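Beneath this line is the structure, given in structure tokens, with notes to follow.
Letters A, B, C and D name the chains as they come in the text, with residue numbers starting at 1 for each one.
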Amino acid sequence: MMKTSFILSASLAIHAAIVAHEAEIESLDRAIGDGDHYINMKRGSEVIAGMYNELLALPEDDVLNKIGMKLLSTIGGASGPLFASFFMSMAKVTKQNVADTPLEVAAAFAAGVQAIMQRGKAQVGEKTMLDVLVPVSTQFTTLAAEGKSSIAIAQALKQTAYQGLESTRNLIATKGRAAGLGERAIGHLDAGAKSCQVMIHTVCDLVIKGAHE
Amino acid sequence: MKKFINKVDNILTESLSGFASAHRDLVTFQLDPNYLTRAQKAQNKVAIISGGGSGHEPLHAGYIGYGMLDAACPGQVFTSPTPDQMLAAAESVHADKGVLFIVKNYAGDVMNFEMASEMLPFEHATVLTSDDCAVVNSTYTTGRRGVAGTVIVEKCVGSLAETGADLASCKALGNKVNLRTSSIGVALTSCTVPAAGRATFDIAETELEMGVGIHGEPGRKREQMREADAIVNDCVQAIVTDFKAKNLATNQEALLLVNGFGATPLMELYLIYHSAAKLLAAQGICITRSLVGNYTTALDMAGASITVCLLDDEIKQHWDSPVHTPALRWGR
Amino acid sequence: MKKFINKVDNILTESLSGFASAHRDLVTFQLDPNYLTRAQKAQNKVAIISGGGSGHEPLHAGYIGYGMLDAACPGQVFTSPTPDQMLAAAESVHADKGVLFIVKNYAGDVMNFEMASEMLPFEHATVLTSDDCAVVNSTYTTGRRGVAGTVIVEKCVGSLAETGADLASCKALGNKVNLRTSSIGVALTSCTVPAAGRATFDIAETELEMGVGIHGEPGRKREQMREADAIVNDCVQAIVTDFKAKNLATNQEALLLVNGFGATPLMELYLIYHSAAKLLAAQGICITRSLVGNYTTALDMAGASITVCLLDDEIKQHWDSPVHTPALRWGR
Amino acid sequence: MMKTSFILSASLAIHAAIVAHEAEIESLDRAIGDGDHYINMKRGSEVIAGMYNELLALPEDDVLNKIGMKLLSTIGGASGPLFASFFMSMAKVTKQNVADTPLEVAAAFAAGVQAIMQRGKAQVGEKTMLDVLVPVSTQFTTLAAEGKSSIAIAQALKQTAYQGLESTRNLIATKGRAAGLGERAIGHLDAGAKSCQVMIHTVCDLVIKGAHE
């Protein structure tokens, strides 16, 4: 399932999706953050898309690790080290156990999300990207354990990601820049949650499309 | 957005190149990863390194030089720098007495410096600055933000490091200065992040943002614009309340820093100083050291912050000692 | 208009009081008539006095101190001070070697200083600064305006006076520096005079004013906004053309001052510096001295000016010599 | 004609007239100057109006001289020394020869205008207050020499002042701040000319009103 070719296709699709959502992502971080999240995501996804040829011949875990390292030195801000930790941690799990079955991929994904939680010292409910990533990861693992097909899982996760994003709307932020805003953050979606939802949506679509081909 | 720029993507390198060239006797600029160091490497001292998103100039690169920083790592505008910059800077200025990172307390800065620290092959420590008292409910959050008080921390720690003090002492002084320093900011306009091309927030001619940070994030509260004394009084009260909450005695000497965010003229900053010094005196805080100007900015934001640092003999000594950097210079 | 003020009528005294209190080791402020002097009166030297309308801070009061001015007379915002201020200041700082007025060339400043001079009971002389090369057709007018180059004149003359040089020598050096200095300014926005309460001129997001002075007067030409290199190139060409018109050889060392008008961030000023230094080098002018920041402002105007001073050994010596004022300090 | 009481009434009327013309005067100096001319005129005329009681018992030449000195230390800018020179010079002439007849007043006025020309090194046609003051002065002297009545002179001078003001519209400025503007000054009236026109108009009205009483 998670072949190098898939990872690289996903990276191109993610870059395109981020760019397509410029206005939304940008305005969210402008409303309750400092307005740079879109630029950060674009800079990061662009650089990874540009590594396509360089990564094509490498094994999956190497690809994931190189993506993590590159994001670490490219994005900066809060999202940089978080996404970097995600990929570097996924790489470690994938190296030990090539992620082939949905259950294996779910385990790698869970390890990535775990790394974000550790690096950011944050939990669900703090109005961050974790409000998307944690429920998605939990459901991913559950559905995979139930033996659901990739396509069914992908369809479900799109939904979950969207719900996670929406859940940030009525939260007070206790992590990230919006934490300075107190109640003024209520009513706004979290920017990092939005870009995670967009990325998950994009990758799920890729899985669905791939399964149909 | 009207700015003196060529391509948005090149602002940082062009500006930093100009900075390094204008101050070539003091600083050297390395590209990719970006960092700046003193032109002459210092020996036998703890290497003091700071960094953070760009857009706060002269913070931090303007404070490189004798008596202050050894290196600075500038990130993209309002975006924390990355660990590779910090590692390269540390590698370059490290002089066998360890490395002290001075980091403003923002999730991004903290995490990037943390990851750099984890990879650093030599002795190191970190001072987190968190002087912004605007976010009152601090148990709730990851802690207060580091704002203009960072300059005072960098000045004092830099001075101590120059004496050959060890890493632990430098860190301890940094923490002490940070504890005794409290700031709060007021914005009259938003700033415009060049890559975004438009103002981060909208604000009416009759409004102000109380308790803003230095990134154009909205503040704690949108309030009605009012006369300077009334605004300054609210700021001074917040600062005094903060000192009391920290159990710091306020009937003592203090340093008053009135910091412009970038678009507020000196005339207004000195008027704020006048007002703040009077109000602080009424609270028993006697201002014996002063700094007024643009020291920690938020691009082109109109607004200002007030910072008070409660002095003791050690802090006074290290504030007064000679410093020679592009943005702060005295005694040599 | 959003500004940190209490009553419009009190801005100046409140701001000057804050200034004098923040720098009480260096300056003393006298009210009614308003003037500021060094905190310690200097002896055995020509007394150097400047003054002009307020709103250009740190000009001139920020340059009072060792190696620069003995006194400054601040007028109302953008309005020349009055002769009684100048007489009182001269009376106070005069030390038996005469008084030199450094005056920016504006009708108002010239006439007020002239009337003061006519009433002055001791030896005196005046240096008129006129570094602004924006007004090309100068035979037409009362002559060019004095702008940011005035800082260089004050620094060099102040340094020479400190050596005990006589009045004529001080005046001669002032005239020489002024002759060898050329400036031009660009505004991206208007400023707002507090008493007027609104912007002096309107300007679109796509426009700039080329060749502005420092009072929010419209410039020589309204032009399309364009990239920094193109703007800077036009400025550099104007300056080089001016030097040529004055028969000054340009293949020599120079000082480059990139001056912000009040609301332009350092990041952009250093970018302008980068661009200007490159373009000047292409014309054979090699920048060996630099100053970048808000040194001669126009309240809250966004914009910047570029000043080039062609150096010789004497000017270099007096630029490099120690100075200790609120706004310019090095060497002590 | 030019008694202390008249001078002081005129000073009150001028102050009121300046304030009444705030918008016009202010916008003219904002358009091609630095925007402070109204504030300068208001500050000056207010201070003089406030000296009413202090001046009431003094002889005419003393009053004029005190007004000049006070303006000198109050207005600043270009207009301060110019108006100060005007009054101080009028005072000198009045001292030598009490200005009683229209001809004597015209001579004192002419001396004042002469002082402005000397101090400002300017002539008619340079787009300054002189474009009002010089023709007014010339005509004042002519009409007085012709033996015209005060009221006839006052009526004529109002007209001349207005024409002088209008004449500044199509001039390029070669003195004062507008000199930096070149052709851009064309189409705008000069602010100092405007306040002189307003003041002359006001004083003439006072003369006319006084003659009718």
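Basically, a contact is a pair of C-beta atoms (placed from the backbone, for glycine too) under 8 Å apart; a residue touches a chain by one contact, two chains touch by 3 or more.
The model shown is predicted, which means the values in this text are computed figures rather than measured ones.
Participant: When the centre of a chain is set as the mean of its C-alpha atoms, what distance in Å lies between chain C and chain D?
Facilitator: 32
Participant: Could you please state the distance in Å, as a whole number, between where the Cα atoms of chain A are centred and where those of chain C are centred?
Facilitator: Roughly 55 Å, centre to centre.
Participant: Going by the touch rule set out above, what shape does the chain contact graph take here: line, ring, star, complete or other?
Facilitator: Topology of touching chains reads as a line.
Participant: Would you please name all pairs of chains that touch?
Facilitator: Contacting pairs: A-B, B-C, C-D.
Participant: Would you pull the chain A residues touching chain B in the complex into a rising list?
Facilitator: Listed in rising order, the residues are 26, 30-36, 39-40, 43, 72-82, 84, 119-121, 172, 174-182, 184.
Participant: Residue numbers of chain C touching chain D in their complex, please.
Facilitator: Residues 33, 53, 75-85, 106-108, 111-112, 114-115, 132, 134-135, 137, 140-142, 145, 193, 195-196, 200-201, 211, 213, 215-221.
Participant: Enumerate the contact residues on chain C facing chain B in the complex.
Facilitator: Residues of chain C touching chain B: 1-7, 11, 14-19, 21-23, 54-55, 57-58, 62, 188-189, 205, 208, 225, 227-229, 231-232, 256, 258, 262-275, 277, 287, 290, 292, 294, 297, 299-300, 302, 304, 329-332.
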